Amino acid sequence: MIEMKGVNKVYQKGVQALANINLKIEKGEFVFLVGPSGAGKSTFIKLLLKEEEPTEGQINIDSQDITNLSRRKVPYLRRNIGVIFQDFRLLPNKTVFENVAFAMQIIEASSKDIRRQVPMVLGMVGLSDRASQYPHQLSGGERQRVSIARAIVNNPSILIADEPTGNLDPETAWEIMKVLRQINRRGTTVLMATHAKEIVDVMQQRVIALERGKIVRDQQRGAYGYED
Amino acid sequence: MKIRTVKYMFRQGLVGLWRNRGMSVASIGSVAASLVVLGLIITLVLNINNVAELTQMQFDSIQVYLNEGLDQNEVQEIGQRIGSIDGVQLVEYESKEQALKNMKERWGEQGYLLEYLENNPLPNSFIISMETLEDADGIVAELQKLEGIDEIKYYKEIIENLLKIAGFIRTVGLVLILILILVAMFIISNTIKLTLNARRQEINIMKYVGATNWFIRWPFVLEGMALGLSGALIAVLVVYFGYQYTFQIISDRFTVMVSAYMIGTRAMMHTTISMFSVLGAGVGALGSFISLRKHLRV
Amino acid sequence: MIEMKGVNKVYQKGVQALANINLKIEKGEFVFLVGPSGAGKSTFIKLLLKEEEPTEGQINIDSQDITNLSRRKVPYLRRNIGVIFQDFRLLPNKTVFENVAFAMQIIEASSKDIRRQVPMVLGMVGLSDRASQYPHQLSGGERQRVSIARAIVNNPSILIADEPTGNLDPETAWEIMKVLRQINRRGTTVLMATHAKEIVDVMQQRVIALERGKIVRDQQRGAYGYED
Amino acid sequence: MKIRTVKYMFRQGLVGLWRNRGMSVASIGSVAASLVVLGLIITLVLNINNVAELTQMQFDSIQVYLNEGLDQNEVQEIGQRIGSIDGVQLVEYESKEQALKNMKERWGEQGYLLEYLENNPLPNSFIISMETLEDADGIVAELQKLEGIDEIKYYKEIIENLLKIAGFIRTVGLVLILILILVAMFIISNTIKLTLNARRQEINIMKYVGATNWFIRWPFVLEGMALGLSGALIAVLVVYFGYQYTFQIISDRFTVMVSAYMIGTRAMMHTTISMFSVLGAGVGALGSFISLRKHLRV
């Protein structure tokens, strides 16, 4: 369960990225976060990960107030949340396999589990034959899929995806959406920031629309909603 | 922490060294270079110190002039008494004839002057070697209690001057070595800092994925340690062969005498190996540890 | 004019990214390059910039064989081509303004021109108020737009865009498309690799479709063409 | 290249230093540290060399023993003849009485022995100072042609030994300084390499946007130069004040005599300032230049 109460975020340069955000996302929900470029979607996500601190307000995850979480506990918070970062954040010195395995190594999974689990998720994102390549040897879409594989490999209780299909062709994008939907059906809360109008419209899930840091719409079974 | 994680960390440390080998080589080079300089100076200082100590030992004796006209028995008794004083290591008898002969030899070219002497003005004497210099004053006090003794010659001033000079050299040397250790530590930790800085992105990402500080730190600390140790190893080899070579040249060019004043290659190595290993590995590990702190704060 | 004759590209790991590519793009054309993730679109673009060398074949730009171009002349080739990179490639230590200005400084433009031109293109991509921020202080879409601004600031004779709208909401994406279309009307050749089905379908321009490194379709006034 | 581009490059060099100030500080520190060590050793070597030269000057004389029974005029004539030999700087007369007195003084505690002498065996003599040591053999040859001379005392061996030792010290010192210069160069260029490595991405991007190698290189070379110069400046200051302080301590603790043997602070500074500036700036610039090559190849 994710809950925000009166959250504000103002960056150094005086940019107000989020303004008075109040919302509640229940366990097992599938939520789209939409809004124009610079609306504050990534900032919203960064706050959940404690990559940025809110200027004001309180954030609860699973009834725990994370705004006052001690530095030492932050890694454990992050392990609970699988994240697909907008800029991928792959380790440049590790191969595709190692990048995904790393997420399992930090929770001290056994080599056996790693050898079983990693190829499986790489298969799910269609990268079985890229396991031994380094990130700089991958195409944009492939990098994005490695990031997806890493986010889901530990079966996290919350999955956050920041623009997970931005570099993917529609077909591959739908493959990925199927994977996310499947994970969601198993009980994982999914929060996905996206610009993919078609996907949002077809999926018919809850849509939270941000604009200039404010929630302008929060709709069950919504559509992307911006006309062009 | 599980065993598999420990293994993972050691492996990661080595893998990190290899995958960033360009940087690793540069770092190891800098570590080695600063330790070589340190080795150079330590060698110099220790040797100068050694020479000072050996020289000092030569003046490290008390000469006791005996009264004129003692018979053999009396002389022997005095000798035994002296031998039983605490701190006396060795007592040697020098007759007045022997003393003149020695003096002539010592004066070399000007020795001929002594041939113009009417009679031998030198006394019979005992020459006393001490166990340690610190005992000198006590021994002199004991000697003064003995009978049949004319004068006690003790090169107090020379010894004190030598002690002063040796002390000064030792202080300057220690200060120098201390400065150099600091410099080496500074350069090594700076090098590690620059190495890590090039990988700050990597460190950040690890944090974002949920790794604890220690999980990230250990491989880097081990890597820093390995960097430092490798640099130290190179430095030890350079210093070792450099010293041996210099030792050889000096023995060849000058008399064996000079190299007798030098510390042996073996003894030298004990100092450098242990010191460099500790410095290299310690500063490498500590440097990694400290430099990481900044990057881990995300 | 861009021409490829029998171009092959095999990467180290034995990945065949492009296979026997033959095509010709005339001056002033607007061409979409489509295809699934990993099809070879970015590789195609990297060859034009001499970021990668073809394993086989010849590439001409403006009748000049660039496969044998000397190292020293590569920068001048690149200046002729404005590029929007898939991974943005912004200078992390320069502000938005400086990043765009840099492209002008390398051709030794006057400060007067720089002070006039840079704010203009930043306005065109909607980033006038972000000029003094550093790339890490920008949202994903904003970074992409800085990359676009830098690519067009020198009025290049060829404009290459690799997925220029992947991080943009549909509205902003269309703004950008208008800018590209406008530049194309002024006579600039535009080559755009994209997954944006809707955009390709609406624009009705030439479409070159790649699949596993091969050209599978080359169609005037085409559509994105993959059914989902 | 247009003026505006040159201005741009200088500005970029400085801006680069500032925007990467964390790394800049680390680099400047390493440069300064290695130059300080170099300075330390140069100071030591130059001073030891100086002491050797001064000591040598004291033995730098020829003594001419005159025959017994020459009258005042004859002595004076010999003195004048000696004075007119090429290379002779100063001629001093020492009578046999004066010589004995001097000798007694010189022998100190053992001087009493000379009181037992039947008669004064020492001759009258002239003491000759030379302009340079190299003239010695020529002067001795001239002296041998003069009449009324009994013996020519020339401390040939001592001087030759001293020359040998001084030469050895100079060689060892030069080798040491050379090694240290190499080490300093190595550390400085490694540091620059590590600094640039952290910014390789930046350099690559510049190339991709169409910048020529020189356009990218100049700001970095200037930055490297500024790094090196800043490090050199710090090193000069440290060496300057360190030397002055040591000089002061030595003057205070020991007699003024000792510090008279040391090279003045001013003279010392001329050497270090020019040397360090050239080394710091040169190696910084060259290091940047060379390290960039790898990154520019895209």
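By written order: A, B, C and D. Residues from 1 in each chain.
Methods note: a contact is a pair of C-beta atoms (placed from the backbone, for glycine too) under 8 Å apart; a residue touches a chain by one contact, two chains touch by 3 or more.
Just so it is clear, the structure is predicted and the values come from calculations on it, not from any experiment.
Between chain B and chain C, the least number of touch steps comes to 2. The geometric centre of chain C is 62 Å away from that of chain D, both derived from CA atoms. As a whole-number value, the distance joining the C-alpha centres of chain B and chain D reads 26 Å.
Rounded to whole angstrom, the centroid-to-centroid distance between chain A and chain C, based on C-alpha atoms, equals 28 Å. Inter-chain spacing, taken between the CA centroids of chain A and chain B, is 62 Å. If the chains shown are joined wherever they touch, the resulting network closes on itself as one ring, and no chain has more or fewer than two partners. Taken together, the chains touch in the following pairs: A-B, A-C, B-D, C-D. Residues 1-2, 4-5, 8, 16, 19-20, 199, 201-202, 205-213, 215, 297-298 of chain D touch chain C in their complex. Per the touch definition, chain C reaches chain D in the complex via residues 49, 51, 71-72, 75-79, 83, 85, 89-93, 102-103, 105-108, 110-111, 150. Those residues of chain D lying in contact with chain B across their complex are 22-23, 26-27, 29-30, 33-34, 36-37, 40-41, 113-114, 116-119, 121, 176, 179-180, 183, 186-187, 190-191, 193-195, 197-198, 200. Taken in their complex, chain A has these residues touching chain C: 11-13, 34-38, 41-43, 86-87, 132-133, 137, 139-142, 145, 162-163, 166-174, 195, 197-198, 224, 226, 228.
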